[in-house]
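Input: one structure, supplied below.
The letters A, B, C, D, E, F, G, H, I and J name the chains in turn, as written, and every chain counts its residues from 1.
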Amino acid sequence: MGYLSAMPDPSMLEVFEAPTDRPFLIEHVVDEFTSVCPVTGHPDFGTIIVRFEPSHACVELKSLKLYLQSFRNEGIYYEAVTNKIRDDLTEVMQPTWMQIVTDWRGRGGIRSRVTASHGEVPPCWQRP
Amino acid sequence: MGYLSAMPDPSMLEVFEAPTDRPFLIEHVVDEFTSVCPVTGHPDFGTIIVRFEPSHACVELKSLKLYLQSFRNEGIYYEAVTNKIRDDLTEVMQPTWMQIVTDWRGRGGIRSRVTASHGEVPPCWQRP
Amino acid sequence: MGYLSAMPDPSMLEVFEAPTDRPFLIEHVVDEFTSVCPVTGHPDFGTIIVRFEPSHACVELKSLKLYLQSFRNEGIYYEAVTNKIRDDLTEVMQPTWMQIVTDWRGRGGIRSRVTASHGEVPPCWQRP
Amino acid sequence: MGYLSAMPDPSMLEVFEAPTDRPFLIEHVVDEFTSVCPVTGHPDFGTIIVRFEPSHACVELKSLKLYLQSFRNEGIYYEAVTNKIRDDLTEVMQPTWMQIVTDWRGRGGIRSRVTASHGEVPPCWQRP
Amino acid sequence: MGYLSAMPDPSMLEVFEAPTDRPFLIEHVVDEFTSVCPVTGHPDFGTIIVRFEPSHACVELKSLKLYLQSFRNEGIYYEAVTNKIRDDLTEVMQPTWMQIVTDWRGRGGIRSRVTASHGEVPPCWQRP
Amino acid sequence: MGYLSAMPDPSMLEVFEAPTDRPFLIEHVVDEFTSVCPVTGHPDFGTIIVRFEPSHACVELKSLKLYLQSFRNEGIYYEAVTNKIRDDLTEVMQPTWMQIVTDWRGRGGIRSRVTASHGEVPPCWQRP
Amino acid sequence: MGYLSAMPDPSMLEVFEAPTDRPFLIEHVVDEFTSVCPVTGHPDFGTIIVRFEPSHACVELKSLKLYLQSFRNEGIYYEAVTNKIRDDLTEVMQPTWMQIVTDWRGRGGIRSRVTASHGEVPPCWQRP
Amino acid sequence: MGYLSAMPDPSMLEVFEAPTDRPFLIEHVVDEFTSVCPVTGHPDFGTIIVRFEPSHACVELKSLKLYLQSFRNEGIYYEAVTNKIRDDLTEVMQPTWMQIVTDWRGRGGIRSRVTASHGEVPPCWQRP
Amino acid sequence: MGYLSAMPDPSMLEVFEAPTDRPFLIEHVVDEFTSVCPVTGHPDFGTIIVRFEPSHACVELKSLKLYLQSFRNEGIYYEAVTNKIRDDLTEVMQPTWMQIVTDWRGRGGIRSRVTASHGEVPPCWQRP
Amino acid sequence: MGYLSAMPDPSMLEVFEAPTDRPFLIEHVVDEFTSVCPVTGHPDFGTIIVRFEPSHACVELKSLKLYLQSFRNEGIYYEAVTNKIRDDLTEVMQPTWMQIVTDWRGRGGIRSRVTASHGEVPPCWQRP
């Protein structure tokens, strides 16, 4: 894989037991994400959307915040941020499905959005 | 289940006989919900949407207000609030279907939305 | 049924012969509806949408206005208002289909919307 | 039929030969329509949409304007206005299909919209 | 046909070889179109949308501008403008499909839109 | 093909290994693109959208910026810009599918949009 | 005076001691006011703004609500509503200054706003 | 004074030395304030604006948050909330001037705004 | 003074000679500023506006960007950020007047704005 | 002065005699300006507003366009662009007053606006 496993540690992520075994939907929107461009060393700023249906576990919000803050000084591509978050959250929660959208403010006049998913995203969410 | 049964008492919820036995749709939007984060002890603020088709009973609005106000000083996760409201209202009303959406103002830079349902939610409401 | 038949008198509603026997659609939006909460005695304020395809008769607008004004001092639930209007208009007009939407400004921090129908509402109107 | 044939004279409507025999779509929006309420005698104000696919003829715009202006002092129901325009335009043009939408500014706190059609309105126009 | 072939000369339209033989989509929006009403002699102002998939040729933009400017002093109906542009552009480019939409600012209180097409317009463009 | 291969050099484009072999979506929006009209010599200004699902490689953002800046003094048609970008990016990345949209501010009163694609664009993106 | 003193009873208004003797500003906006037109008997709907600097007393909010609700079935002109509210509130609170604005939804196609004041309204509020 | 001195304890408020002795302006906006109505016992929700020019001290933000959260279960009038915050902040900071604006979501159909100040509020802020 | 002089180094700021000795106005808006809360250690996010009339020198934009990026990992109060930027820019440019506005996204439900100035800010900018 | 006199040649600017000797106002807005950053070599994109009251001469619009296009490949600061345009236009037209506003899309996360003037700009334009 194209990103370093030494980066933000997924063990920071804590989960708690889902309050029900009936399917439901959770969406978290993080407006204040920042990491560092691995090519220029300049900071990147973006919004992260985490959308999933839990199977048995939910990510605890404070641990999610600290995990995302730990990207702050990492040099990492947009694409790698998106896939790493998808992989790490998938591993600790094993959700029925998950969609990660990262929306970046722009660098050098280019704004970007990257979308990665896990499992079967329902049709109504396919255009993120 | 992951939330405490000692919390807001569903017996506060009063119902009245549905004015008809023909199917119809009810939606209540509560803009002023507050509870407490069980991890940090800080208050949470959100909007609650209760959407359902009654079978034979409707929840009385003042009792719904008092029931929702009784979360005010409870330490409880977003996910548990959402599922508990769905469970308590389902129990007292036995609706044909129900959808509960909770939309939270944000804590630590993260805004969240949780959606739980009961029965067959019609397709036009699946993206809440 | 859960509402009193002594309430606003459907005989106030006048109809006139539909100007055609070809199907067409009528929508009336009443922004200034008011009735009284049967629990607290405080006034309720709402918007009423009456949408229907006439079979042979149309409701006369001035009589509809007076009929709706006659709820002004009635203590009546949202759900009963909605179903009573649907029932009374259905009885005097026998429309092919009808949809009544009542949208309430809010009481105790809760805004509500109730939707009742008669006959087969076309798919494009199912999310009111 | 429920409206008087003595009203605005459809012979005012002039047509010209369609510039092609291939199907195409025409929409006219008239923002400044006025007629008179037959019950109260007060003026009504509305917007008229005329949408059709011509078969061989198109209505000439100045004659359409004069025809619509001739409703100015007529006491006539919304429903009759809508159906009469549909009938008169259908008769002079014989369009493949036609949809007439009348949207009224409101009288006594009630806004109204009436929709009448001729032939097969394509699905994308069914919610007017 | 209902419009004069002596009008704006399609030979003004120049084309260039499409830069690819793979299908692609071109849309031109002309906000500043003007012609003359053949009945009243007053100027008409409108927006023209030209949307097509080229087969082997694309219209050169400056020649399109000059061609459209040559309608400036022509007395011509909306419907004829629309069909003539469709016909002339179809003849010089032979596109796979084409859709012409003309949207007119209004004359005598009536705004109009006319849509003409050639070939199979994809479903997502059928409501123009 | 209708554009000169001597133009902006695709070898400027650098790629990096995709961080995953699971499908995901990337969208780049470039608001500050400029080239030169080959007919009049006047500058053109537009927005470029690059949307694709990588197979094994992603385009590096700084190299994409420099590549797009190299069109600055090229005399080139809108259609050729669009197809050249599609071809060059397809060649260096071999994406599963790609869609290039160029949206031009207007020249001589005409705004234009050109869309070119590679592979199977999913239905939800077909209206760009 | 042009309005009847038998109308809504100012003794319904309760006050409480101002929490400070330093000047401060209070504004109440009542979106759900209704009274009755003394000429036609039809209901009027409006918004009431009460803006004042207390001298030593503040109006208690629940009593203000009940006082305003007591206009519900009064036949009274817009102008009289506005002046009566100003007079009654002035009498029970003796504010340093007060401004009453009533904004009416419209009747017979006419929307109205009436503004009455007491004492010296500061310049920044003179345009209400 | 009309509010109880036993309420939220101003000693919770911490200050730090202003980073400069040159005049500057600080504005804090708290969207999630809640207290309790002393008459009905129902919760109130509002937004608080704290605007001031420090003389030598600034309020520390976390202590301000905790101080404002401590109103959560207090039964207290809007007017008293506003004046108490003004008094407590004035005491601990001795600002050159201060303006407190409280904007309340509404109770019983009435929205309210209360403004209290200390010292000379500059003219540009007098309409809050 | 309340902030540490060891923080971001003003010598990073480069200036160039103003292109004129006639008065003119420069405004820079930095949407992507981040520093660290000195109390909680959590990141802060804000927008910085730098507005000034140069006397003889202008700050070079790339050096301003690097200077502002160097706050990224500093624990520093909002008030100190604002005053330090004002002091450092004043020192290197000696502008006729300067206004620094920092607008912070919010932490613990509180959004803040801090404004510091140097020299005589013209009246039209006094409400920032 | 800080910009090179060898840059875009003011002799490109042509004027024509003002059609009146009574004062009037002219504003030109150029959305498609581009020049080059003298430090990084990357392109800058901005909008230029030229606002003036002519004394006896007006700038000819096509010559203004060509003059502004001639900045396309110049390495020049924002501040110098603004002042040079002000100086050059002042010289050829001798307007009663002039205001030049340049609004730049942003580079490295910083958006900028520069305003230069000549003569007495009326108060209503002083905040540009």
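The definition used in the following text is that a residue touches a chain if its C-beta (ideal position, glycine included) is under 8 Å from a C-beta of that chain, and two chains touch if they have at least 3 such contacts.
Because the structure is a prediction, the values reported are computed rather than measured.
Chains that count as touching both subunit B and subunit H, per the definition above, are C, I. Taken over every residue number at the interface, the positions common to subunit E and subunit F amount to under half, indicating a different-residue contact. Here A-J and D-G were compared by C-beta pairs in contact; the pair with more is A-J.
Each chain gets a centre from the mean of its Cα atoms; for subunit H and subunit I, those two points are 27 Å apart.
Computed centre separation for the pair subunit E/subunit I is 53 angstrom, with centres defined by C-alpha atoms. Centroid to centroid, with C-alpha atoms defining each point, subunit B and subunit D lie 47 Å apart.
Under the contact definition stated at the top, the residues of subunit H that touch 2 or more other chains are 31-32, 42, 45, 105, 108-109.
Interfaces, counted as pairs of touching chains, are A-B, A-F, A-I, A-J, B-C, B-H, B-I, C-D, C-G, C-H, D-E, D-G, E-F, F-J, G-H, H-I, I-J.
Contact residues of subunit J toward subunit I in the complex are 1-3, 37, 39-40, 77-80, 82-84, 86-87, 107-118, 126-128.
Residues 31-32, 34, 42-43, 45, 69, 72-73, 105 of subunit C are the ones touching subunit G in the complex. The residues of subunit F lying in touch with subunit A in their complex are 16-20, 22, 24-32, 54, 58, 60-62, 64-65, 122, 124-125. Those residues of subunit I whose C-beta lies close enough to touch subunit B in the complex are 42, 45, 105, 107-109.
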